[in-house]
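The structures come next, written out as structure tokens.
Both complexes below contain subunit A, partnered by subunit B and then by subunit C.
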Partner chain A sequence: MANIFKLHDIEEKQMENLPEIIKNYADDSKLLENSSNNWLNALRLTGLEQFKSAGLPDKSWENWKFTNLASLPNYDYLPANSNVSDANNTRLLENSIKIELVDGVFKSCADFDISGLKIVSLKSELENDPKWIEEYLVNIGNLGDNPMMALNTAYINDGFVIKTDSGIKVDRPIEIIISSSTGNANYPRNIILLEESSNLVIFERYLGEGEYINNSVTEIIVKDNANLGHYRIQAEDLNAYHVAMTSLTIAKSAKYDGFTLTTGAKLSRNEIYTKMIDADSSCNLNGIYMVQAKQHADTTILVEHFEPNCVSKQNYKGLIDDHAKGVFQGKIKVNRKAQLTDGYQLNNALLLSDNAEINVKPELEIYADDVKCSHGATSGALDETGLFYLTSRGINPTDARKMIIKSFISTVIEDIEFDELKSILSLETDKWLDR
Partner chain B sequence: MAVTKETKDKIESMQNKYDAGFTTDIETELAPKGLNDDIIKLISSKKNEPEWLLERRLKAFKHWQGMQDPDWSKLQIEPIDYQDLHYYAQPKSMIDKPKSLDEVDPKILETYKKLGIPLREQEMLAGVAVDVVFDSVSVGTTFRANLKEAGVIFCSISEAVQEYPELIKKYLGSVVPMHDNKHACLNAAVFTDGTFVYIPEGVRCPMELSTYFRINEPKTGQFERTLIIAEKNSYVSYLEGCTAPMRDENQLHAAVVELIALDDAEIKYSTVQNWYPGDENGKGGIYNFVTKRGICKGKNSKISWTQVETGSAITWKYPSCILAGDNSIGEFYSVAVTNNYQQADTGTKMIHLGKNTKSKIIAKGISAGKSDSTYRGLVRMAKGADNARNYTQCDSLLIGDQCGAHTVPYIESKNASANIEHEATTSKISEDQMFYAMQRGISEEDAVALIVNGFCREVMQKLPMEFAVEAQALIGISLEGSVG
Partner chain C sequence: MLKIENLHVEIDGKKILKGLNLEIEKGKVHAIMGPNGSGKSTLSYVIAGHPNYEVTEGKIWFEGEDITEMDPHERSALGLFLAFQYPVEIPGVNTTNFLKTAINSIRKSKGQDDIEPLEFLKMQKKKMVELGMTAEMLKRGVNVGFSGGEKKRNETFQMSMLEPKMAILDETDSGLDIDALKTVANGVNNLRSDDKAFLVITHYQRLLDYIKPDVVHILADGVIKLTGGAELALELEEKGYADFIKTEAA
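Presenting the complex of A and B:
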């Protein structure tokens, strides 16, 4: 058993005046591994300090204008408390390698026999081979600008670590089931690293029961000529909070195909910061959010182009019903050197009820002249003419409505480069429409 | 694209080609530098204002002292020393109010002649009435008699305070409240002159109305206030132009414009903003911090903003429409050209409150040199805005690889039946287009101007004829030195 993250590392004054949400940090910190990595303890304290001075983000943060976390309830940090039922934990992909993360703790990974692929828990990697992950944990960016990332950093302890060696093409998808149980505050910290010219597909599913918060941070690095397909279904409990921060770095001629389906959580924020650090790479950041009741779903994306000739595409569709709210903030930043950038961004929202609400902020910030950048955003109700056309041909109104909605979201589903996912998404959509 | 020597020479000869950059040498009465209660009392007494207006000014000043500069824009603004400015500057010859233009100081008249603003009614382009504001005072208003016959009130706001206190009391600050933002609050405290327009019920204003603003004195700011009221079923088209001398200092211009359109009324407001932009090293130039807002109060009313922004070192301006009346329409057409070290952060807000309200936004940004241009806008569909529609198109054109073009739209909808469409693109002038123009013997400079004018055509077509010609030439001049 590794040492406990020692309380005496934390000066008493650092523990004073902690925000309500982490007022038990002194106790919680006893549950964090020490693992003799001094940098790790220092990093946690930086996270704590930054969160302490920032507090929970509210409207005064430009980046949080439409999503207010100020009234986030205070849940307990209980990483070992797993009461999650196994009912939903069967895998959806037939051939996949299953990983389970329960309440922020890496629980299990199915056996596999693929050389050059490493799947381990962050906790064990911090013990066995901490050197290489230090870089990816420490250089995550300015925590002062991102309080939720700072909060996660204060609690760095476990999560999944997936790494492919150069040239390895993994032919089985990895399916990660991340489940949470009621009353818990979970802070999984994950790393995905694809070395040069490797290929991998990862499918994450977020599930849970009751009221909790899942505040995850995932660092993804796709090196030269590597290719990552990364798909997520966020189906947390409708009483839960879900804040997923993803930091994505794409190197030369590399490719990232990403898709997120959001149906769960009372309040969710899916934030992706993409850095295209070398030439000729491409990324897709697509998704669908389907929200109902009083759900609030926020998608915030920043794609920053640093080098020439890269392609980035963001395409999101929103279905907003009942009293739900959708938020889409997407930004493309093209730096001086990034000539010949092709940047595209689209958000279409369908408001399915009189009380639904959508807030969109699609932003372009461009400093290079030879670029092709565009964005579009629309919001409106279901097309009456289309409905009339279908019903006049004998299709009952409920089916007609479904047909139109399905065709509305079909374009983003079609673009996914992992065929097995398409049928899963189609089922999920039907389930949502028939609810 | 390779630069020919000819182009280079031409560009060099055109440096500092800001035609309006001269100063007029006249004696001016200045208020002491600084801003305090006494200065405000002085401004108020100079204008012989009623007590309620002075109280309002003092209240605004008190509030202003506790306010922060708006910091959300993408602008680098040197801190402004508000105490190092004269808040009132009046040409001495204007102290005894001249009864007609014949009595106005010939030097002032000469200024406007040089700027190409005709003040003699016989010299006028047919059908444009002008109010000219020189530093802190209105010099004169033309065609007042003709307009009066039609029932239209067109005069300086200082006169309106004396002659139509009821209207001023009712509408001043009703669209832009004094607490709106720091610049508008400063204006509420120290505003000096500006234009007042009142179009009575059922009247279609027989001619275009126009105000020309000129800053002359150094170390002054201009704080004008414009108020336009269109009663039921009336129509007015209003044009605004502005220039200032070339100086190394940054001069502050913090104006407030309020428009009120009642049932079935229409206000068309056009601006050609050509304040001094600073030199090619970014020295000097006007800080143009303007709050412009119109309310479509009545049903079926319409407000349309058209602006061509070529001047100012820094532009901070968001002409907006509150679409309160059912079936009302808001429009915003904008061209913003920045060159050298200019910065522009401009756009609009369309607040849809009423049913079946419509808005259209066409914004074209052109950045050259080391400048930055940002479109920032808001389209909000409130809960009651049934069947409201918005269409927005923002296009940016970059000339050279040292400039920036940015788009920051906010779109908020609380109504399912409201329909919003937003599109934005960023591009550069293609080599094909340049090649095509140049192989037909058009010079590089002219080809750029031609293509840029084509890019802005949708907006230029919305300008009244008198302005369109000037605006087209201005865009050409603003971009000089930007190619190669």
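Presenting the complex of A and C:
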């Protein structure tokens, strides 16, 4: 994620001068036992050192103007050990292959009979076949720019690893349920690799109970002509902290359709760094955030175009109620070679209360001369004309309000290329509106 | 059925209606004509209960009930309907669901059960054909991607489905070709009965050839300037507004 943050002015601090909160998160007693992979031990150490020297980002950081992690709880959260209890959450998708992660630990994966599809825990892959994953764990840019990723790296231990072989079209979606419980700091580290011309759909759901931190890093590689649908519902406990970093690499003529629904967590940061490294590929990075009470939901996206003729779309809708805050930072960077880039970015926020707040930072950075790029942001209250139209037909104001809100988010739902998700999102929206 | 007394209306501090009086009896069709910007839409919005229009003086009664302060959905439940001059687009909400919600909302406020789905579909099919709506249009978001004429058709279709006691049609004829105009007029005429009333706002005599009004009013300077029979509309067409209002005022 080297480019998403401007390098913070790091001073080498002595351990004893570190703020209490940093000491707590990086305390020796919490560190993992050495792995038999020396590169992993070195990597964890780098993560730890980078986290200690960088500290937690605050307003003085270029990309953290609107989200302050100094409010992370400063007490003794522990990464879960492997003895976490089983979970048995029900699937939402009828035909899916279910995976469960509990407190950052890969607990189970349903049986499936699809050759060329690999689903394993990171922990087991580190023991059994660490060679191929090393590249995807080590090659992650400057951790000093991204202390939460550095912290995750210090605790690399488990997570999910999903890989399709070339040409494999998986006809069942994979449903990953990531649940967390109170008092934990979870650091799942995940890898999704689609080899050439393979197809896959992944649906992640984040749930939990209590106050905890879920600090995940997911490395995604979509190789030539491959097609990944990647959908997430972040419905963490309203007392939880959710910091998800996604690093996405899209190769030639490949396609990524991504959507995130954010309803949970007291504070969340959904950060996606997309590299379109070869020509003729496309990606959708869409989503909806629905926040209430004093929730804070941050979506930060950088799409970097390196080669010609790629399409990238970011389309987010926000519903912000009560004293909640939304943050949307989206950037499209078009490098010199990336002619004929089609880059699109839009954030529309609906402020449902006088105290609701939205902060947006849209950016375009363009070095090629023949491109089509646009960005836009709107925010405002409910459409009164629409409300009047509906109520004039006899619809009561409560239902009319819901209809207008659902109408507001409908366009971004219609664009999703996985139909089963649409009805799930509709139910989730109803649940949120009826809360 | 509808009685408006000394109605004064402002929007954003601007006085639009200045002591308007109007009474419409059951079974009658009244037409209102008037120059652009004279406040015709304002009047229709105020009767329907648009929250942005402030009634600073005067009262509106519907079937003997003072509705001046009522919410729009309550007025609709009493049997009032407004066909908008500029129908609103509601993406993601299809017309069928929208109408079913509206019908059930109105039924609920009267203590009735939801409409039988089959009965609803039968009624919808019948009126669809009557008003030249297609199944495809009903599946789309309300008014989304509709042409100007299709939107007006949809307004008339909604009116026909909700079967109001009194409907106000705000320039439902503008933007319609002659065939569409006949269809829309037909939709209105099919609803006409002794216990229903209509207020037809229009610029053109043309519509009134198909929907024969009992009474014609001219709205200007925030009041009803002149009231007459169907012949007033013809006379108006001949002389033009400016001339007409001036002579009358003089």
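FYI, the second predicted complex is superposed on the first by the 387 of 435 C-alpha atoms of A that agree within 3 Å, B and C clash if a C-alpha of one lies under 4 Å from a C-alpha of the other, contacts with A are read in each partner's own complex, and residues count from 1 in each chain.
As a convention for this text, a contact is a pair of C-beta atoms (placed from the backbone, for glycine too) under 8 Å apart; a residue touches a chain by one contact, two chains touch by 3 or more.
In this text, all values refer to a predicted model and were calculated from it rather than measured experimentally.
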| item | value |
| --- | --- |
| In the superposition, subunit B vs subunit C on subunit A residues touched | B |
| Subunit B versus subunit C as contact partner of A:S353, first or second or both or neither | first |
| First, second, both or neither for A:Y367, with subunit B first and subunit C second | first |
| Touched partner set for A:N396, first subunit B, second subunit C, both or neither | second |
| Which superposed partner A:K406 touches (first subunit B, second subunit C, both, neither) | second |
| Contacts of A:D111 with subunit B and subunit C, given as first, second, both or neither | neither |
| Which superposed partner A:D434 touches (first subunit B, second subunit C, both, neither) | neither |
| Doubly contacted subunit A residues - partners subunit C and subunit B | none |
| Parts of subunit A lying in touch with subunit C, wherever the complex brings them together | 384-386, 388-397, 399-400, 403-404, 406-407, 409-411, 413-414 |
| Subunit A-facing residues of subunit C, complex | 48-52, 71-73, 75-77, 81-82, 84, 87-88, 90-93, 98-99, 101-103, 105-106, 109, 141, 158, 162 |
| Footprint of subunit A on subunit B - complex, ascending | 72, 381, 396, 398-428 |
| Subunit B-facing residues of subunit A, complex | 62, 336, 339, 349, 351-354, 356-381 |
